[in-house]
Each structure stands twice: as structure tokens, then as C-alpha cells.
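These are the structures, in C-alpha cells.
Both of the next two complexes hold subunit A, though its partner changes from subunit B to subunit C.
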Partner chain A sequence: MFYRQAGIHHTTYRGDRALFAIPFERWQIGVLLAFALVVPAVVSSLYMKSYVLPWLIWSAAALGLNLILGWAGQFHFGYAAIMGIGAYTAVHATLNRIPFEIAIVLGGVMATLIGCAFAITALRVRGLYLALSTLALQFVMDWVINKVPAVSGGTQATIQAPSMRLLGNEITSDAGLYYVALVWCILVTVFMLNLRRTGLGRALVAVREKDFAAAVIGVNSFYYKLVAFAMSSFIGGVSGAILVFCFYHAVTPEQFAVNVSIQVLAMVIVGGLGSIIGCYFGVAFILLLPGIVANLIFAAAQALDLKIGIELLAHIPALLYGVLIIGFLLFEPLGLAKIYSNLRNYFIFWPFGYAKK
Partner chain B sequence: MDWALFLELAINGALAGLMYSLVALGIVLIYKSSSVPNLAQGALAMLGAYVVLAVFEGLKLPILVALPVAMAAMFGIGMGIERVALRRLAGRPLVMILMMTLALEIFLRAAALTTWGGTNRVLPLPISSDPLFIGPILINRSYVAGGALALLLFGFFVLFFRTRMGIVLRAISDDYTASWSVGISVERGVAVSWAMSAVVATLAGALWGSIQGVDQSLSSLLLMGIAVAVLGGLDSIGGAVLAGILLGIIQGVASGYLDRLVGGGSRELVVAATLVLTILIRPHGLFGREDIQRI
Partner chain C sequence: MFRKLRTLLGAAALALALPSAQAADPIRFGLCYDLTKAYTFITPQVVQAVKDYAALLNMKGGLEGHPIELIVQDHGNEPQRGIECYERVKSQAVTVDLLSTPVSRAVLPRAMKDGNVMIQALVGRGDAIDGEVFKWVFPLGPTYWGQAANIVSYFKKQSGGSLKGKKIAFLYIDYPFGQEPIPVMKELQKREGFELELFPYPLPGSDQSSAWSQLRRYQPDLIVHWAFSAMHVVAAKEAKRNGIPLDRMITVNWFNDVDLNNIGADAAKGIRRSATVTSGTEHPIVKDILRELYDKGKGNGDRKFVSDIYYTTGLAIYAPIFEAARLAVKSEKAPLTAERMRKGLESLNNYSANGLLPALTVTAKDHGGGGRTRIEMWDGAKWVPQSDWFADYTDLVWSTVKQHSGEFAQAGGK
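Then we have the complex of A and B:
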């Protein structure tokens, strides 16, 4: 009923390849976008700052990782390091009086250059060994960021990010920061949506399925692996920079340590490999759910007058985070995206479920 | 060049390296039988140390009795982890399996935090902390004990892989289908290898715990363990021991000299760099099988 397909006939290839095959989805996206625009007016400032804003930025970052993991099929266990490089580059650039717009691109370019160094290991090995070498490179980058005073500003140091100046206007209001994050998130999403439909995206998928089979049909697998690393690193670098400027307002090495890499990976896998909407779901799940459930448990404990140790309560989110990932891998390995598509398929046929093949 | 210092760094490094190979042995055992790269081995070691402490403090047993009891408990826990978490993932893409072991690590660390708290606790193994002097060279007694134990375990595994169960495990690591067809229960074999690896992890955790105290940071032994396992070849027990010695010497000497230049903490860098270089130059390690895929 909602996803009405009657009367929709694709008579051209262009129509068949359209972004939204069903008009209802175009409306859906439109409504969502309109809602996203009025969020600062509707949602309380605290919730927007602490939930919606990080959700958008992490979604953009997760989309970048999904590009390399879900589309090109290359393991990347050092994604947080890439984000960190972007963040540090952008902060240092703005501190040296480079305009914010250029600084953020510089952050992306720097992340791309170093991300391509990660890709050199992809030239030599694949699978497990690629995963381990990117993990090791994450440790190397952590160490470099931590120990080189020119980057981190000394051991255990925090560098304050200067306030954001976009096109000459200083942006300090919460709503302004939210719109910056929203625009970046939409840009990345549109890019990823269209990537699927281009020759480049199809080449990446060919490389994912079997790299030498791709080589046989004329897809230069190493070139496309390099391109995938470069693109995802650029997205990661800029996302890292925006994360620091819009959310953290200061940059420290711990924000981009190895456990963050694993967290982004968990977001992508819980969301569903190779799915765009899955990234949004996955980020919401991994980033927000443990905290919300811990709050609920806390509230329930107070209501029932149970004594839960403060230490126990503090570690419930971490425990839930582990349980969530394990649960998803065991019971729904295709992630939240699969649940969404099951739901969508149900509603496409609803109320004529019996007509489904 | 100060030779006494160099020798001291090298010998202590080699002994510490042998203790890293205790962690690596666990990774190799699991990888050999089921091709699962266990990134939760560090967390298993941490859990092992905590279980030893729990038995020691909870049941008031002497530490040398508590250790075998904890090993038996960890045998069961290892089997349980395989049964609950890993068996359903057999045949799934590698990224799922890697993520599962990482999630196990996160879960075990958080579980240890909620159960036992985050304070660093003392695990009193009966090893004297007096320094051992050989000529001008100072050697840490705990490292000697750990190194000896690693060599002992290596000897045990050499013999074990000649017993009936060991041959079954070797068959499983060769070919699942062929093992099934001659009536070997592959599932049980894989479970046994997880259990043994959990037992080895308990020993590693107890030894490292007696040196640096028991807390969540024990799970960061993983990086060392992985580096040693890859350097030695992911499916070679002997390789793990030799690579442990080698990496220990490299790490001890290099960080001994580098720390003065960069102000400490170069250990991780040396280990991570060794891991990357191994993968770039010789992905199958020193003694691993060469059929590991390369591009």
C-alpha cells in the first residue's frame, strides 16, 4: 500500500537505474530531509548536541569505512588513525591561519596520502594478513601521533580546536554546527548512493568478489584497491576533522586510538556490510544504544530501589556493546540493513503478503 | 658500545619474548585447527589471570593448587566460547570471524571490569623478586621462569602432536572434509584446541600478572602475541617459540636504545613495525606453510 508499485513501468534503462525506483521512497527521503532541517527547532539542544550531531558525523565516517570494507572488500582495521590524521592536519592548519574550508580539504588530502600508504600492504597481501597489517599500522600511527610533539603538542596533550569560520562567518551556535555536520553527511551519502550506479562502483564490487577474476575481465584490481583506499581515507579524514570541529572541540590521541577503529568496524558490521542505510542504523545502535539502555537500567534500578554498584553501572555500556556485536554476528550476520529490507519487503506486498513468491 | 648492557637487554628480551610466545602458542593452536585468527587471546590471558586470582582468594587455596584448578576451569571456558560463539560462524566471511573475536575481547574485558573492578591486583607466584646476576648481567627471575615454562610447553606440544588426539588435530588442520570422511569429529577437535589454548592463556596470564599485576591491560598482550605468531608462521608451534625469542631480542635491544632517544614507550612501535615488515616481506612467517594466499 505504502510502496505502491502499480503503474510504475521502467521503459528506459535510465528509469530502471534511477536512485529511487519507487516514488514512495522519494517522498520518504524528502520528509526525512525536511525533518533533518527542522531538528534544531524541534529537538532540545542537549539531545541534538549529544545524540544527533555525533550520530550524523559517525555515519559519514562509517560510510567511508563501508566503501572500503563493503564495496571493495578490503579489510581496514586502522580507520580511526586515518580519521585522526585528518583531524590533526585540519586543526594544525587552522591554527596556522589557513581558512577552515581549505584546512578541512587539506586534512582529507593528508589522510588520503597516508591512507594510500596503508594500501601498499593491500598490494602484497589480502584477507587476514591485510587486516593484521592495517591493525599494526594503526598502532604505528597512534605512536607517531602520541610521541611526535609537532603533531600532538607533547605527551598527553590536548589541542584546542579554534572556532569554525565558514566563508567568513564564525559558527559557534549549536544549530550552525549541526547544519555543517548535516551537509557533510548528506554529501557523503549522495556520493555513496551514486557510486553504486557508476562504473567505478561496479569495478570495486568486481574486485571484492574475486580480484583475479576482475583482472581477467579487464579491471585493474590494484588500481581500484588504491582508489578505494584513497576515497575512503578522504571521507575518513574529513569526517575526523568535522568530528573535532563540531563535536569534540579539542583533539587528543585517545579519540583516535585502536578501540575507536574497532568501534567503527562494529558500526559497519552491525549495520550491514555494503549497505548505506545500514550505516545509519549501525552507528545509532553502537553509539547510542548502550548509553540509553544503561540509563534505562539505572532508572529501573532506582524505581525498584535495587542496589546496583556504581562500578557495575559504569561498565554496563561496555558490556552491552560487546554483547550487541556478538548477538548480531550470531543471529543476524547481515546486520540491521537486512532487518530493514525484510520490513520493506513486507510492506511492499502488504496487505497481500500471500502474493509473494 | 656497552656490551654488558647489550647482552643484558638481549637476554632479558629473549626471555620476555619466550613469555610472549606463550600468548602466541594459543593463537597458533587455534589457527592450526580451525583457521580462526583469535584476536581475543590477550583477553583470554587476562581472564585466566583473574580466574587464578578468584580461585586463590575465593577458595583460599595455595597458589600452586589454584593454578591447576583455574586451568581446568579455563579448559571449560575455552570449550564454551567455541561452542557458543565460533561454531555457528564456521564458513562465514573472515571479517565476521575477526569481528567476533574482537567482540569477545571487548566483552571479556568489560565482564572482568564489572566483576572484579579496575584496580591492579597482585598475583603472588612463588618466584623470588631478587635479581639474578650472571657476571655483570642482571636477569629478572620471573622472566627466567616464564621462559622455562614456554620451552616446557613447546616440548609438551611436540610430544602431544604425536599422541592420538594430537594426530587427530593435525588431520583436522590439514583438511576438514577428509577428517570427517574418516570419522573424526572436527567440531570436537576444534573445541579441544580452543580449550587447550585457553589453558595456555591461563599460564601466560598468570605469569604476566605476577610481573605487572592483574588488570585489564593484560589483554594488550594480544599485539605481542599476534606479532610473534605471524613472525613464526601462523601454523607453526616451533615457529612461535623461535619467533618469540627473536622478537624479544629485537624489541628488548631496539627499545633499550630507542627509548633514550624518544623518551620511552618505543616497545609497541618496534613490535608493530616488525609485524608490518613481516607481512610485507614474508607473509607466511619464518616456518609457516607457503600456501597462504598472496597477490
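Then we have the complex of A and C:
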């Protein structure tokens, strides 16, 4: 009923290959976009600044990781380091009076260069060995940031990001920063949506499924893996820079440490490998849910006037959160995206569920 | 996807709207602490202390009639959640305290931009004591640079006024916290002519063997140790193994009774620490808390923590803050704004809470309050102060501070 498919005839190749073939979904996307545009007006500043904004930026980053993990099937344990390279490059560049627009691209390019240099050596191995060599990238980056004062900014190890000047306008308002993040997130999402439909995207999927089988049908697996690393590093680098300029306003080593790498990885896996909407879900789950659960528990304890020790109270959300992760993985191992697609499938046939084969 | 998030957010907002105002105009203080991850070696005692002290003050009528209310929230040492907590409490609370270096660093640009008082005791940027640049940030205590300088000054006095020919080993955990005092130590080496050797060991500090075997060869006269929590226990073991007596060691202020008991009260005999507060249960405020709260079963935690130095550290962080808020509401009846809270803090003059902490004089220029510390020694049964409260080499500390805060101001952070 909602996802009415009756009357949709694919008479042209263009129509057949449309991103959203079902009209209802086009409406959905339209409404979501319209809502995204008015968020600064309707969502309170607290939720916009500390929930929606980081959610968008991290979703863009997670999409970048999903490209390499979900599409090309290559493990990457050093994604935070890639983001960090982008962030540090962009901050240093703007401090050296390079315009922000160029600096942010520089951040992406630098992340791509270093990411690829690593990938060329790391891609000689597969699977878990690749995972470990990308972890090495993370530790090398941590070491460089910690040990080279020119990068980290000396003993304070924190560099202030200058305020963002975009096309000659200084962007300091919360709404402005939000729109910058939104545009970047939409750009990455559109890119990823389209990647699925290109020869490049199909080649990546072929490599993911079996790289030597892909080689047999004429797909140079090393080349495509490298391209995947390059693309995802670029997205990661720019996302890292956006994260610092729009959200943190200062760059420090622990923002891009190994635990952050694991966190992004968790976002992609919990969201669903190779799924775009899954990244949004995954980020919401991993990044935002712990805070929300903690706030709820704290508020509940306060409202009920429970005399629980502060330490125990702080650990209950962690416990609940763990239970939630296990629960979701038991309930649907393919990630939150699969839950969404199950729901969607149900509504495609609803109320004529018996018509489903 | 928005819908799902919105429902969740709506629920969270609803739940948070519940705690409503009770008495007339409470003054709220935001404590966004890491209660679950890296800082758990200190945060429970600090929260307990602050809650106890607030309860005690509230019993006596609060701050000029205004009850104190604390908003305690966990940020799990994650910058993102710290920012969320800051944004949440900033409109209600007169001060926001993060008590975590990564989170303080992440929140500082916002506090500076929004003009909210941010407390940053013993963590975060050391150069934040420069009130001219960091107008809204209040460390209210010594920097690590100052602590290191004071330790060297104490050692100089102990060695009869000269450090020529003395060997000082700087042993530290190899990340920014441990690396911070190095420039000051090197400058002091130039001034005082002692020998200085650096001995880093890697995170998480559970393997210090190579640093200590080098220390054995070096045979220093003094080991200055920058570490916290379990690293002290590892260090004590390695010291024993390498035959270096612990009485040659002075640690940074992060050494408490838990570490001491883990080393063993006898084994730790002779170890010295740099102290920023008076520890123990002899202080009038602590006695009051024990009598009014714990004896009546109204304490906010385990009684055994009260004697811990981190408990007293919590008291010492908040005693000046509460006092400043009191000064601020006393001077004017209007609601307490961030601006007035800042003025209140900057009007603290020679405040020591009856000797709980070294007398603090905060000015618009100096948000550190003087940076005085003292050295304490564990004699096997109790901590014995080895000196009076003092601050030395302040010119060096301030030139280091100015150098860093200058860079911050230049980057447009001001």
C-alpha cells in the first residue's frame, strides 16, 4: 500500500536504473531532505549541535569506511588515522593561510596519498593479515602525531582550528556549520548511491566476493582494491577535516586514536556491511545511543530519587548498551540495515502479506 | 531514520525535563565526568567529595541562601559525549567541569566562544592559567610545569642549595601527560647545571622494564616520576628488582592510598609525592563532613574513601568554586550569570579553605591561583609534609605558559 509498485513500468533504461524506483520512497527522501534543511529552525540547539551534527559527519566517515569494508570487502583497522591525517593536514594548511576550500581538499589528498602508500604494501596480504597491517597504519600515525611536535602542536598536543571561511564568508553560526556538514554528508551519500550502479562499483563487489574469481573475469583485483582504498581515504580525510572544523574546533591526537578506529568499524558492522542507510543507523547506534541511554538512566534515577552510587549508576548504561548490541546481533546478524529492509519488505506487501512468495 | 532518532531524542528530552526546580534559585554546577573509562581512578572520590561538601554547605544554608545543586553526568572520556554534556548543562550551570584532558581540550573552544566558565583543575591545557588569553577557563591549581619546577626547587634546597653534579632522572609515561614537563625540566637543567636523563616507557605503562634497567645503569640521585594509578605499582616492583630505593623518587600529584596499598605500606616507605592539597581526615571541613554526614549515615559514598587524597582533591577543587559563587551572589542580588561567576572566581584572594589547599589568589591574569604545591613523604604510616606550600621558578613557568597561550591566541582561538 505504501510502497505501491503497481503501475510502475520501466520503459526506459534510465527509468529502470533510477536511484529510487518507487514513488513513495522518492517522497520519503524528499520529506527527509526538507526536514534536514529546516533542522536548525525546528530542532533545539542542544540536539542539533551535539546530536545531529556529529551524526551527519560520522555518517559520512562511516560511508567512506563502508566503501572499503562493505563494497570492496577489505578490512581497515586504521580508518581513524586516515581521518586524522585529513584533519591535521587541513588545520595546518588553514593556519598557513591556505583557503579553507583548498585546505579541505588537501586534507583529502594527503589522506589518499598516505592511505594508498600503505595500501600498496598492505594489499599484498588478505583478510586478517590485511586487518593487522592497517592496524599498523593506525599505530604509525599515533606515533607520528605524538612524537613530532610540528604535527601535534607541541606539549599541549592540541591545535586550535581557525574559524571556517567558505567562499569568502566566515561561518561561525551553528546553523552554518550544520549546513556545511549536511552538504558533505549528502555529497558522500549521493556518491555512494551512484557507485552501486557503476562498473567500478560492480568491479568492487566482484573483488569482495572472490578476488581471484574476479581476476578470471578480467577484473584487476589489486587495482580495484587500491582504487577503493584511495576513494575511501579521500572521504575519510575530508570527513576528518569537517569533523574538526564543524564540531571539535580543535584537533588533538586522541580524537583519532585506535579506539576511534574500532568505533567506526563497529558503526559499519552494526549498521550493516555494504548498506548506505545502515551507516546512518550504525552511527546513531554506536555514537549517540550510549549518551542517550546514560541520560535516560541518570534522569530516571533522579526522578525516582534512587540512592544508587554514582559509579554503579554510570555503569548501568554500559551494561544495557552491551545487552543491546548482543540483542541486535542475535536478532539480526546482518545489521540494522537488514532490520530496516525487513520492515520495508513487509510494507511493500502490506496488507496483502499472503501475496509474498 | 530521522523518525527513529527523533523518538529516541524526544524520550530523552522528556526524561530530562523531569527534574524541576525545588527551592528558591538554586545555583547549579555541572560535573561532566568520566565515570566509566580512563579517569575512574579519581572521579568517584571527587564526585563523592563534591556531593558531600555541597550537602554540608546546604545544611548550613547554602551559598547566601541559595542551595547548591550538582548536575553529574558521565561522558565516558569521549569528546563527543563531553561536548553533548557541556551543551546540555551550560544554560543551567554556572560552571562546567570536565575532569578529563581529551574532553577538556574538545570543549575548551566552545566554552571560550560561548563565554561559559569552564573548570579545568589538574587536567587539560597547562597554559590555561593565562587568564588574559583563556578568559573563561579556570585551572585553579598548579600546572604540571609548575609541579615539576617545584619538585626540582625542593630537591635543590634538600641538596644544600646547589644541584651541580646531581643526576636527575625524569621517568614518564610516553604520551602528552608525561611529556608535558620535559621543556621545563630541560630549561632547569640549563639553569641549575644538574644532569638530566629522560626515561620514557610506553602506554599503558604496564611494561617499564627497559626504562628501569637503564635507570639502574644511570644511578640517579632523584627520580621524578610522571605517572598515575597502576603505573606506580609497576614502578615500585621494577625499583625493587633493580635495587633502586623508592626514597629517591618523587611522583606527580597522582599518587593515592589505593596505589600505596597496592605497593604495600611498608614497601612504599620513603616515597615522596608532590601534593596540591592537604590530605587526611584532620581538616575541619573533613571532620565536619564525617560528623554531619557519615556519622548520620548520609554520606554520598563509602566512608573509607574520605581519607583518600583524591577525595580531598575534590574538596579542594570545589571549595574555591563554591566560595567564588558565594562572593558573586553576595555582591549583587541579580541572578548569577557566567560573567559574574567569572568575576567571582577572579576575586578569590588568599583563599585556602582553612588550610585545605595552598592559599589561592586568582586574578584576571592568573587563573591558576599561584601554583603552590608541597612535597609529602610516606613514613610507613602517614604522609608527612616535607616543606611548606611554595612555588618556585615562576618566571620559567610563566614564560612557558605565555609561549603556548600566545600560540593559541595567534591561531584565532582567543
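A few notes on this one:
Throughout what follows, the second predicted complex is superposed on the first by the 334 of 357 C-alpha atoms of A that agree within 3 Å, B and C clash if a C-alpha of one lies under 4 Å from a C-alpha of the other, contacts with A are read in each partner's own complex, and residues count from 1 in each chain.
We take it that contacts are C-beta pairs under 8 Å (C-beta built on N, C-alpha and C of every residue); 3 or more make two chains touch, one makes a residue touch a chain.
In this text the structure is predicted, and so the values were computed from the model without any measurement.
Contact with subunit C, but none with subunit B, is seen for A:281 once the two complexes are overlaid on the shared chain.
Of the two partner chains placed by superposition, only subunit B is touched by A:265; subunit C is not.
By the touch criterion stated above, A:51 is placed in contact with subunit C alone, subunit B being left untouched.
Touch criterion met: A:157 reaches subunit C, while subunit B stays clear of it. Looking at the superposed arrangement, the partner reaching more residues of subunit A, out of subunit B and subunit C, is C.
In the superposition on chain A, contact is made by A:325 with subunit B only, not with subunit C. In the superposition on chain A, contact is made by A:126 with subunit B only, not with subunit C. Look at A:136: by the touch rule set out above, it reaches subunit B but stays clear of subunit C. By the document's definition of touching, neither partner reaches A:351: not subunit B, not subunit C.
Contacts of A:218 after superposition on the shared chain: neither subunit B nor subunit C is touched.
Judged by the document's definition of touching, subunit A residues 146, 155, 311, 315, 318 lie at the interface with subunit B and also at the interface with subunit C. On subunit A, the positions that touch subunit C within their shared complex are 32, 35-36, 44-47, 49-52, 54-55, 95, 146, 152-163, 172, 247-250, 252-255, 277, 280-281, 284, 287-292, 294-296, 298-300, 302-303, 309-311, 313-315, 317-318. On the subunit C side of its complex with subunit A, the touching residues are 1-2, 4-5, 8-9, 11-13, 15-16, 18-19, 35-36, 40, 44, 47-48, 51, 72-76, 79-81, 83-84, 87-88, 102, 105-106, 108-110, 113, 125-127, 174-176, 179-180, 182-183, 300-301, 404, 407-408, 411-413.
For subunit B in complex with subunit A, the residues that touch the partner chain are 37, 85, 88-89, 92, 94-96, 98-100, 102-104, 106-111, 113-114, 117-118, 223, 226-227, 230, 262-263, 265-266, 268-269, 271-273, 275-276, 279-280, 283, 292-295.
Subunit A makes touch with subunit B in their complex at residues 69, 75, 120-121, 123-129, 131-133, 135-137, 139-140, 142-143, 146-147, 155, 211, 222, 262, 265-266, 269, 273, 311-312, 315-316, 318-319, 321-323, 325-326, 329-330, 333.
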